[in-house]
Amino acid sequence: MIDITHKHSTLREATAQAVVKVSKQETIDAIVNKEVPKGDVLEMAKVAGLFAVKKTSDVIPDCHPLPVEQTSVAYEIDGLEVKIMLTAKTIYKTGVEVEAMHGASVVALTMYDMLKPIDKQVEIGNIKLLKKRGGKSDFSKNTK
Amino acid sequence: MIDITHKHSTLREATAQAVVKVSKQETIDAIVNKEVPKGDVLEMAKVAGLFAVKKTSDVIPDCHPLPVEQTSVAYEIDGLEVKIMLTAKTIYKTGVEVEAMHGASVVALTMYDMLKPIDKQVEIGNIKLLKKRGGKSDFSKNTK
Amino acid sequence: MIDITHKHSTLREATAQAVVKVSKQETIDAIVNKEVPKGDVLEMAKVAGLFAVKKTSDVIPDCHPLPVEQTSVAYEIDGLEVKIMLTAKTIYKTGVEVEAMHGASVVALTMYDMLKPIDKQVEIGNIKLLKKRGGKSDFSKNTK
Amino acid sequence: MIDITHKHSTLREATAQAVVKVSKQETIDAIVNKEVPKGDVLEMAKVAGLFAVKKTSDVIPDCHPLPVEQTSVAYEIDGLEVKIMLTAKTIYKTGVEVEAMHGASVVALTMYDMLKPIDKQVEIGNIKLLKKRGGKSDFSKNTK
Amino acid sequence: MIDITHKHSTLREATAQAVVKVSKQETIDAIVNKEVPKGDVLEMAKVAGLFAVKKTSDVIPDCHPLPVEQTSVAYEIDGLEVKIMLTAKTIYKTGVEVEAMHGASVVALTMYDMLKPIDKQVEIGNIKLLKKRGGKSDFSKNTK
Amino acid sequence: MIDITHKHSTLREATAQAVVKVSKQETIDAIVNKEVPKGDVLEMAKVAGLFAVKKTSDVIPDCHPLPVEQTSVAYEIDGLEVKIMLTAKTIYKTGVEVEAMHGASVVALTMYDMLKPIDKQVEIGNIKLLKKRGGKSDFSKNTK
């Protein structure tokens, strides 16, 4: 785990995206209408994501433990895809990109797990960084 | 978390795939030649995946804790893509699909984290179930 | 941690109750109408409870790790009190009473944490076992 | 998880109380004389509480991870009740109220688990905040 | 993590030893008389050991999660050495040797941490398996 | 857990050593030539050690959670002994000695677990602090 003792704390923010692709409109309807048997998919997956962001350094060997100071999860439904946008912030010496990507992936996996009984064809695609702020270089990718 | 007290234990196996896409051949070379500064990417990411499979029920709300009885990680390099194939087995009342997908996603995230310093354009794509055995329905997807 | 190697696995079930007391009707209304700023209190607290039941042996020194095979959370609103009833099941050599009580207490603490910004007087009272089945003695307490 | 990046770190302290009610004097005697078969109840429950305070952000979805800088547990026996007073301190941007309440509840649950074999009627009551210092508002409740 | 799906569950037991060496008689006296400022060393270290045995598969990559069915910790003081003997049992397909050794090492580390303020020369030596039963080969080492 | 709210953050560094003793040259050869069936022992054990350092406060009751800012693992093979030297750094109010010792012990335990199938006589000896910097007193022990 690389040495960050010489670095300064600055505000860091990162937004990562994961995409959950379902196979039929009924699945989207069940999500939106909160009729998935296991519970409210978007709300429950958000909670799993909040925990995941905080646990990132327990999961990824080289990630430094850091004080996560904000996490939010937004969803965007587009046809048969649910786009998950997870944002994390910290004031620390390293960024929160991996934290945001880890959180987004766990939101997606929780959705997958909850939707499995009603849709056998769910896939998770495109986990990527959308935006980061702070640190050596800002970065922003067009979300298409 | 659904009731599985009435179910019987059978041998369950699942293989999930995650894909890590790098942006240049140098990154692939550094992985293969074990020259990535943070360490041996494939070996370290495998360890993170072994732990992740075992921790799945701590991460996904509705996943039952289950005795993971085997986990293996295989890699396949194809151009600028590294395909991760993670297989998990159990003898239990529920399957290990989500365990395999969770493991594969953490292998991919660890690679992302380790490669970040040398390649800013790494993405994770296509986390999906390739194969499952046991339970109500076997399932197999063509790996293209 | 006592020796259970000689014991037989049987179906065990336990229901525990925790009570969250708020100080004003507005708080109950905000819960019911899902207008609490931090999110859907009952849904999010349920998720925290699902995780807590599974983690009980990591938290209580003498609790044996056991395969939690079902967990459910029910709420009952009565005046300014929210009653949490958490049920857990296993087929194992020891009961799930402490698991159920731990889960119920974490549901209550999550509600406390989420309600704090809108109600400074929330208290948690009366964490107790309502019912257990299996093991040496069945047990049932009248819920008054 | 709300955004605290703009807040300043100050000394925060919170004391929470949980009450364990046993059903007979023999139970109290066994606790005090360290004759409970599972071990020294007050000492072991304290350890469980120390860990619980530190793990609060892993258990409660919206709790920020924070540097716990002190934790202490005090007990007060009053008739058939054991009062647990758990104090936690941090220098951080948010308070440690939920940490103190979580710790107190786990001390109580550990006592419950250890006393179960000798007293079937143990209940946990009255988990509440006794005192907090730092942050927007100090707060103090008379301990009756 | 090797495949154990074809193996049968049998009773397994392992006892591991760790040795804590202090530098002066006063340290031993403080332990025995429960006058170490941080608390009752032997009782608190035992609790840490109970948790550690249960968490072994979270810490050692290739360890299978298994149902720990008993754990006990015994101490033997011999001059300036405290011998820790930790025994674990399971009925499962693999043994509990690493679980016992992990538990013993955490008991020793907790003692080290608690004794540090009063003795700067504490060392941990000789973590080894004393005895195992069950599995392909029984094993017993003379404790000298 | 002692009160550190009044202390100042300074750079702290600690190096701990653990020794793994194998019983035959073939074991050393298998490690060096990466022919141990379970995988690359030194690389996998390093990962386990990175995680262990970060989890120390979850394992040792009185350890404060702290921002681990660097961890590195070095190995030295000397006859039938593998010396593990684990270094950890933080800028915080308390030292990282126990973190370094915990990490070194988990590296050793992982090696033990991975070597068990090919060498039944592996022992772990001599877990001790080699060096610390920062805090009230620097400390350095001659490594013989």
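Remarks
Read from first to last, the chains carry the letters A, B, C, D, E and F; within each, the first residue is number 1.
Here, a residue touches a chain if its C-beta (ideal position, glycine included) is under 8 Å from a C-beta of that chain, and two chains touch if they have at least 3 such contacts.
All figures in this text were calculated on a predicted structure; none of them were measured in a lab.
Here the chain-to-chain distance from chain A to chain E, counted in touching steps, is 2.
In summary, the chains found to touch both chain D and chain F are A, E. Averaging Cα atoms per chain gives one point for each, and the point farthest from that of chain B is the centre of D.
Taking shared numbers over all numbers used, the chain B to chain C interface scores under half, which places it in the different class. A rotation of 120 degrees, rounded to a multiple of 5, brings the CA atoms of chain A into register with those of chain D. Its interface matching that of E-F in over half of the contact pairs by residue number, C-D stands out among A-D, D-F or C-D. We define each chain's centre as the mean of its Cα atoms; on that basis chain B and chain D are separated by 39 Å.
Measuring from the averaged C-alpha position of chain A to that of chain B gives a distance of 17 Å.
For this pair, chain B with chain E, the centres built from the Cα atoms lie 33 Å apart. Multi-chain contact residues of chain B (touching two or more other chains) are listed as 2, 39, 44, 47-48, 51, 55, 61-62, 65, 67. Contacts between chains form some other arrangement here, matching none of path, ring, star or all-to-all. Taken pair by pair, the chains that touch are A-B, A-C, A-D, A-F, B-C, B-E, B-F, C-D, C-E, D-E, D-F, E-F. Contact residues on chain A toward chain C in their complex (touch as defined above): 39-40, 43-44, 46-48, 51.
Listed in rising order, the residues of chain D touching chain C in the complex are 2, 38-39, 44, 47-48, 51-52, 55, 59-63, 97-98, 101-102, 105-106, 108-110, 112-114, 116, 120, 123-128, 139.
Chain C makes touch with chain E in their complex at residues 1-5, 57-58, 61-62, 64-67, 92-93. Within the complex, the chain C residues that touch chain B are 11, 47, 50-51, 54-55, 65, 67-72, 89-91.
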